[in-house]
Each structure stands twice: as structure tokens, then as C-alpha cells.
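What follows is a single structure, written as C-alpha cells, with notes after it.
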Amino acid sequence: MTLLTLPIPLLLALLAAALLLRQAVGRRRLRQIIFEADTPAGKQFDLALLALIVLSVVAVGLESDPSLQGRFQGLFLRLEVGFSSLFSLEYLLRLLCSERPLSYARSFFGIVDFLASIPPLLGLGAVGSKYFTVIRILRLMRVFRILKLGLYIREADRLKEALLASRRKIFIFLLMMVNLVVLIGALMYVIEGEAGGFTSIPTGIYWAIVTITTVGYGDVAPVTPLGRIAASAVMLLGYSIIAVPTGIVTAELGRTGTDGSKAAASPGPKGCDSCGEPQHLAGARFCHRCGATLIPRPQP
Amino acid sequence: MTLLTLPIPLLLALLAAALLLRQAVGRRRLRQIIFEADTPAGKQFDLALLALIVLSVVAVGLESDPSLQGRFQGLFLRLEVGFSSLFSLEYLLRLLCSERPLSYARSFFGIVDFLASIPPLLGLGAVGSKYFTVIRILRLMRVFRILKLGLYIREADRLKEALLASRRKIFIFLLMMVNLVVLIGALMYVIEGEAGGFTSIPTGIYWAIVTITTVGYGDVAPVTPLGRIAASAVMLLGYSIIAVPTGIVTAELGRTGTDGSKAAASPGPKGCDSCGEPQHLAGARFCHRCGATLIPRPQP
Amino acid sequence: MTLLTLPIPLLLALLAAALLLRQAVGRRRLRQIIFEADTPAGKQFDLALLALIVLSVVAVGLESDPSLQGRFQGLFLRLEVGFSSLFSLEYLLRLLCSERPLSYARSFFGIVDFLASIPPLLGLGAVGSKYFTVIRILRLMRVFRILKLGLYIREADRLKEALLASRRKIFIFLLMMVNLVVLIGALMYVIEGEAGGFTSIPTGIYWAIVTITTVGYGDVAPVTPLGRIAASAVMLLGYSIIAVPTGIVTAELGRTGTDGSKAAASPGPKGCDSCGEPQHLAGARFCHRCGATLIPRPQP
Amino acid sequence: MTLLTLPIPLLLALLAAALLLRQAVGRRRLRQIIFEADTPAGKQFDLALLALIVLSVVAVGLESDPSLQGRFQGLFLRLEVGFSSLFSLEYLLRLLCSERPLSYARSFFGIVDFLASIPPLLGLGAVGSKYFTVIRILRLMRVFRILKLGLYIREADRLKEALLASRRKIFIFLLMMVNLVVLIGALMYVIEGEAGGFTSIPTGIYWAIVTITTVGYGDVAPVTPLGRIAASAVMLLGYSIIAVPTGIVTAELGRTGTDGSKAAASPGPKGCDSCGEPQHLAGARFCHRCGATLIPRPQP
């Protein structure tokens, strides 16, 4: 296959195409289309990119199947050259029309864009190699950037806020879990022994995690009476503490939500006419910032 | 079996029966009985239909069992002819007594009613065929329509509201899950290889979903140390993010519920006429802020 | 074994003992000890009964183990005669000292008490028979009665209230689940076929329940690509709707709890000096019931 | 190996080193470093101890793997002598510089410290013995003490409070679960019999716990139709009551959290000096009720 031996000429051709495109469309307009989602062209570009990402990931996934790989090897190679070329073109365009190309190249999504476009193209001789597979799957990360531009940004922010607010609680919870799981794993290794597959402490810890998270594969499972009693205790424990992360996030989400809805539902004053302060306790009669009298909002 | 060769005459006979019934009962009264649940006859009709649906689904289920199918083939055929005839009769009656037959025929439940009655009758020669099985199981969808008429409409609405209000959050959550699961699946395919059954990326994704949802069949499970460490991380992750959908719906339900119950519990005054204070304890007779007498809101 | 042939004389002896005990202790005092938990003797009786129940259930459990059954058959028989005699004595005493013996005998716990004491004694020749095993395990139900008398009644009530308040929502949720599970089970039976163990629709339904509840035994699991895709969708669905029952109960518990704590935390007035009304909105200046001025409670 | 025969001289050498160290650093300063986390030296000591604990647990874990044990036996022995010596030195130092050595030695962490240091040293001849393994894993418990000193104390306290507040509810919930699980286990033993692996009532109980907690190993699973129907009911039950512990903790966390965050977020005025209104928005400068100037509360 001649394609495999020509990654550098291909890249040069793509660069030329990118430069021509910038010339034709204009750098500013190109930036609007690629980096923003406000214009119709920008939205269409995002949708096309989204479709391309999904298709390329589907192709990588199907290619990994041994039976399909054997039958359609040529097709998969051609598809991958096509996808990689398009993503490389996009990456080059982003670099060429960005206002600060260097800071884009160094940003998280800049690195993801680079990894998902140029290396797969250079490594086409190694199609099917497992390490390139992961790099190509990285393309999925780009979906998040498109979403960030899109409609769901507020919902994502709400979720992120709730998770961030519970960050420390979740960290300490995970740390306690890890501690607990190591203790339980070592204990089960001693109690149960090799009969049930507990061949070492790491295996015991693996079992403890599989059990306490209620995943329960069953590849390692206790068979002795004492081991089963201990395992039952671990399961009931896991069942009880599953409540903790749920509780943390729920309480946090509930709070964000409640505050939001309270502010919205508040039949209180619209805002202070003197200083403009918008937030007041329900029932406030004086502005808590400037002390001016508040005019109650008429009830709906 | 002669029955199998006569679906068209049977349908014609059912149509004649439906026309006669409309004549005998009267179109208006028939509509009340079939489409509404306010009258005693309407309630009895719904209950009978509910029983018929449950029985027909039980029959389809038992028929699918190979050992039972062999022994009671004749019985199942006769039962199915009976059930399909009754459902066809019901469908024809609905068409004949509806005020706008066409809009009924095109509605969601109209299509379900049609699929669950006429095609099974026409396809009786193919009893046991798997595709007709699904069509016949569709009858269960009708249960929801009966419920919509029945007692539990408010509870169902409350649940639906909470789900609808969290719709966008759940959508973005599922989208992130799909993204995550593809990344994890590809990574595990590379890390673990064929030893643990990770034969392709789609299999890896299947494993990731089985694991992150804590289902954990164990048909695909990591066996290498590195694979087990990665799997443990995935499980703890799944265990942590199970909190997110729970939190979303809980927060939503809590909000709806609180508002709802507050509104329900406060048949109290609309607001104080003197000072405008909107919030009062249920049953308050005097404004807690200015002491003025409150005018009770008329109870619904 | 002579014991087995003498259940009737044994019962008569127990009746005589019960009558003598009533004579010796006095009917009223006996009723206090047995039916109430306020006196020290009543508490000791409850504790002894609790220990007896736990021991008898442990004995039944161990007896069911084939290897232990073979070795200790005589011991188990003697233990069972002893336990059954004591429970029979207790049942007879309850009957003899209750104020309304008939209404006790007909009550839920009266029936449980009877089943757990007399039939096992009469059926001693059939020790090891599986049906008597269940009857003897019923003794555990008595633990709930003891708890009802004991310390945890308020916590149990709070839980019960929350569950009762969500009763209708949970019912409609379960009904939708059953519907959903039948539809999914039939669909998977058609999609997946016998390869993955989906031999009939009931098996498919069983698989759907195992999967949607995230139990995931793995005895039935999809193996075809299409089946695995469908199964993945079912898992993500189950993962999402697990939030619904949680949300329902949490919202309910949170409400009960919040109301309680709000009343407790309220830095508002102690209560109206004029009319004695204890509950006021935080910040209330006038009694919402009688309109009198409220004296603010000093802050802690 | 000569090391194994010399635990007593080694301990004496460690004691001498500890005494010398106390002499050199000074008792008071040593106490600050070891028992507190306020000084830079104290923080560095805690971090070093944390690293040592993690490393020693990793070593114990790897040692338990049969293949690694065979190859690196000498290395593991030397590592264990090193770790145990360091922990013993730490324990002796704690004893020597504590203000009340006896009360430290009797405290929970004093006992854990002792078990994790001296016995492993004395038992070095039995390295690889499973019972010493558990004692050495106990070192992990020390992590919690370090955390108690560290940054996350508030989050841990918040979690602990919520769990403590729900203690009684969780206890009664677990008790009901145990009762339920025994009843279900006995019933399934009778219904399903030995075909599905239900060889005794304890096995049935084990299955019930595995199922109701949604772990689902699949080592014991029903195969008869009746057994599968009963199992389905148990799963739906488990799916429904998983909501209860979640609800309890969530409600508790939500309550604590709301109160806590409100208190934390309002470094605002204590209350209005003019009208006594206690609730103000964070940063409020004027009373929202009477308009008086508020005196800011000093920030902690």
C-alpha cells in the first residue's frame, strides 16, 4: 500500500489546503466558524465535527474486532487515513486562525486535538497497533468541547458545581474506602484462603472492591462458611455506605437547586432601587446593603 | 387446523359483531364505557381489559417455553385466537365509536391497539414466530393507558414531572457516561487483552457498562494485575457517580414534593392584605408580621 | 426415639405448667410481664425471648446443613423439642392471661405465635421436613413485636411513615418496572435467542430483572453483538431509574426530618403567651392564631 | 538467617536509640513533632509516617503473592525488619515523650500502634504467617489518626455527624434487613432446593444477602421457574429498599450541610441590635427588617 509510505507528503498537502482555506474564507471568519457556536456556520461546523468524531470512533471500535479486521482491513485503513486527514486539517486550521496559536497548542484541548490528528497519521503503518488505538479514541474528548459551546452548558455547570462543592467530602470518602478495602481484603485473604480464589492480598483487595461497590463478578467468591459470613457483613456494609456518596451529591445538588428556585420563587422585592442589590431575604423590608426601604414586588 | 386458514372471515365476523354492539348499546354510551373511567361500567370495562391483557401476556410468555410449547401447542393456538379476536373486537369498537376515528387510529395508543390485535390474528399461521411474539407483547403498553384513566394519575404525573424537569441534566449525564465508557472500554482492551475476554473495543465498552452500572455479570472480567487495578478504579468511579442520577432526581422530586405539599397543606390565606406578607403557617388567622386579620383562601 | 411419639402428652403437660404458672404469678402480673415492656421483669422477659428466638433460628439454620444434620441429628431433635416446648408454653400463657384471648389468637402476631410453637411440636416426627422448617423460621417475625415494644419504636415509625407516604408512588413505580421488564425480556428473547441462555420469554424477563436491578448473576448473559448493545441500553436505563425509588424515599424522609428540625432550630418566639400556640414562622412578630404580640426568644 | 534469631537485642537497640533521641531533641519538642501537626516539623513527620505506612502495606500485600514471595523472600524479610524497626522506634518514642504514657498505651491508637510494631518484630521467624499479616495490615488504621490531625478533619466530622445522627435509623434498618434475609433465605432453601446450589439455610441466607444488596456473584442462583419468580421478587424488593439507607443519610447530610454551610457562609452580623432579627444575608450591612446598621461579627 503506497499510502502508508507517504505520511509526510500527505501532511504537507494538508498544510497547503489549510493555508488556502484561510486565504479563501478569511482568518476572522474562519475563527468564528471553528472556535465559536453563535453563527449558523459555526453550529453547522460543530455538528459536522461531532458526526465525524462519532464515525471515526465507531470505525476504530469495529476495526478492533478480530473477525472484521481480517475481512475489511483495506477499508479500515482508508477510513483511518480519511478521518486522520480531516482531523489534521482541522487542527492546522485551528492553529492558523487562532489569535494566540501557542496558548491554544498548549491548552488541554489543543493537546487532545494534536494527539487525535497528527500521530495517527504518522503511525498509519502501525494501524491496529493497540497504543495508537487509545490515541485515536481520545478524539471522543473533543465532544466535551463541542458541548461546552452548545446548549447544555448550564446543566453541565450545575453538575460540575455540585461535584466541586462535594470534592473534599468525596476525597475523604474515597480515602476511607481505600483504607477499608485494604483491611477487608487482607482479612478475607487470611479467613478464606485459596479455596475461593483469594490467592494473595491484592486479589483480596480486588474482591473487596468488586463486592463493596456491589459489582459482584463472581470470579472470586468465598466458599467456606466463615468466609461467607464475613462476605455478608462486607456486602451489608457496602449496601449501607453506598448511601454516603449519593447523600453528598444529592445534598449538594438539592442545595444548588433549592437556592436557585428560592431566588426565583421569592416573592420578595425585585431589587433595591437605591443600590441595585438584587438578592434579599424573603420578607426583607430594608435593603441589607444600603438600608433603603424596599418596594415589595407585586404577587403573581 | 381450520382456524389458521380463516383469518379474513373471522375479521369480518368481528366487524359485524362490533357494528351490532354499537347498534345495541348506542355510540355515545359505548364511548363512555370504552374511553372513560368515570362510570361504573367504564371501570368494569377497564378492569376486564386489564385482566385480559395480563392473561394474554402470560399465555404468550408460557408459549415461548420450548417444553410447554411442545405439549400444549393446540391450547396456545386456541387461546391466542381468542385473545386476538377480543382485542380486535375492542379495536374495531374504539374505531367505530370514537368521535374522531382517524386521529385515534393515528395516536400512539391507536397504533399500539392496532398492532396488538389485527396483525396477530392475520399471522396466526405463524404462531410461535418470534416477530409476532414481540407484537403480541406490545399489548402490555395498553396497561399504561388504563392507568392514565385510573387512580394513580397524580402520582404518575408527579414522577413524570420530576423526570421531565431533570431531562436535560440526565441527558448530559448519559452523554458523559457514554463518552467515559468508550474511553474506559478502549483502555481496558489495550491493558487487559484477550486473556480476560477483552477481544475487541466493543467488548471492552460492554464490560465498562456492565461494570460502571455495578451489574457485574462476570462473563468478561480482568485477570491480569494491571487490568484488575484499572477495573478497581472504574468500579470506585461507578460507585461514586451512581450518586449523580440519584441526586438529580431526588433534588427534583424533593423540590416538586415540597412545593406540592406546601401548597396542599396551606389552604391558608393568600397573603396579608395589610402588609403584603405572603408566607403564613397553614391555618394562620392573623398575620405574623403586622397582626392584621387574614382572610382565609377558599379551599378547592 | 420415644419423644416423637408423645406430642400430645407433652402439650398437655405444657398446658398444666401454664395453668400452674398463672396461678402462682397472678394473671394481671403475668400480662404485664409478657405483653408489656415497662417493668423490669417485662424487659427481662423480652430479652430472654429475643435470645431464645435467635438461638432457635440458629439451630434450624444449622440443622438444614446436610453434613451437620447427619452428625448431630439427635442433638437437633432434642433442641427443637426444647425450643418448641418453650414457645408453646409462651403461647399458652399469652392465651391464658390475655384480656381478650380470642382477639389475640386472631391477630397477626397471635397467628405467628401459634404457627411457631404448636405445629412444630406436633410435627416433630417430620423434623428435617422442609415445610416445617419455614414454619419454625417464622419465629423471627416475633422479633418485630419485641422491637415494637422497645426503644426503637420512634425510628421504626419514622421509617414506616416515610414508606407509607411514598406507598402510592412506589406502587406505580413497581408497576411500570414490571411492565418494562416484560417488554425488555420479550425483546431480548427475540434478539438474543438461545445462544446466551434466553430460552423463553420468562427467562428473558428473569434476565431483565437481574440486570435492571444491577444484581447481575451472569447465569444468563447476552453473547451476540446486537444482544450486548440492547443489554447495555437496559443497564444504563436501570442505572438511571434506580434513582427514582431512592429519590421518592429520600424526598419523603427529608421532608419529615426537615419539618422536625425546622421547628426545633427555630430561633423564633417560644410560643404565644396569650393562646399557647407553639409553632410560629421564624421571625414572626404576632401570633398567627390570636394576633397577640409575640415575645422573641433570647438567642443561645 | 541470623536476623530472625535476634528480635530481643534489636528491640533493646531501638529502645536505646529512642532514649538517645529524646535526650537530643528534648521531650517537649519531640511531643510537638510526633503528636501534633501545627509545626512544620510536625507536618513533615506526619507525611513521612504516611509514606512509611503506605509503603509497608504495599510490601505486605506484594509479599502475600505466592509467585513474588518465592522470588523475593529475602528482600521481603529485610523490608519487614526495616519497617517494623521504624514503627517500633516510633511507638517507643510516643511512649517516652507522651505526658500520660499509660493512657496513651491504653487508647485505641496506642493499642493499634503497639500491635503494628512490636509483635511483627517478635514474630519475624513467622514472616508469611497469615495471622501476622493481619496485624501488619493494621498499620493502615494509623492513617486515620494522621488525617484527624490534618486538613480534612472538618469534612470527616461532617460525615461522622451525619452517620451518627442516622445511627439508630441505620441500626433498625440493618436489623430488619437481617430478619428479612433469614426469612427469604429459608424460603428459597425450601422452594429451590439443591439444584441451584441452595444446599442449606445458611447458604440461602448468603444468597439472599448477595441478591438483596445487588452484588449478585452468581455462584448460587435459582434455576427452577418457581425459584426464579421468588428471586425476581427479592431483587425488586432489594432495589426498592436500597433507597432507605440512602434516604436516611441523604436527609441527614442535607440537614447538617444546609445548617453548616449557612453558618459558615454567614460571617455576617450576629443579629440586629435594634430589632433582634437573627437572620441576615452574608455580608448584610443593614437590618432587612428595621433598617438599622448591623455590627459585623469578627471573622474566625
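Lettered A, B, C and D in written order, each chain numbered from 1.
Throughout what follows, a residue touches a chain if its C-beta (ideal position, glycine included) is under 8 Å from a C-beta of that chain, and two chains touch if they have at least 3 such contacts.
Just so we're clear, the structure is a prediction, and the values are computed from it rather than from any experiment.
Specify, for the interface formed by the sequence copies chain B and chain C, whether it is same or different in terms of residue numbers shared by both sides, with half as the dividing line.
different
Taking mean CA positions as centres, which chain lies farthest from chain B?
Of all the other chains, the one whose centre lies farthest from chain B is D.
Could you put a whole-Å number on the gap between the CA centroids of chain C and chain D?
Here the centre of chain D sits 31 Å away from the centre of chain C.
When the C-alpha atoms of chain B and chain D are each averaged to a single point, how far apart are the two points in Å?
43
In chain C, what residues contact two or more other chains?
Those would be 202, 205, 214-218, 242, 246-248, 250, 252, 254, 283.
How would one label the connectivity among the chains shown: line, ring, star, complete, or other?
complete
Under the touch definition given earlier, write down the residues of chain B that touch chain C in their complex.
Chain B residues touching chain C: 57, 60-62, 64-66, 130-131, 133-134, 137-138, 140-141, 143-144, 147, 152, 155-156, 158-159, 162-163, 170, 174, 177, 202-203, 205-206, 209-210, 212-219, 242, 245-250, 252-254, 257-258, 261, 279-281, 283-291, 293-294.
Enumerate the contact residues on chain C facing chain B in the complex.
Contact set of chain C toward chain B: 168-169, 171-173, 175-176, 179, 182-183, 186-187, 189-190, 199-202, 205, 211, 214-218, 221, 223, 225, 228, 231-232, 235-236, 238-240, 242-244, 246-248, 250-252, 254-255, 279-281, 283-291, 293-294.
Using the touch rule from the top, collect the residues of chain B that touch chain D in their complex.
214-218, 246, 250
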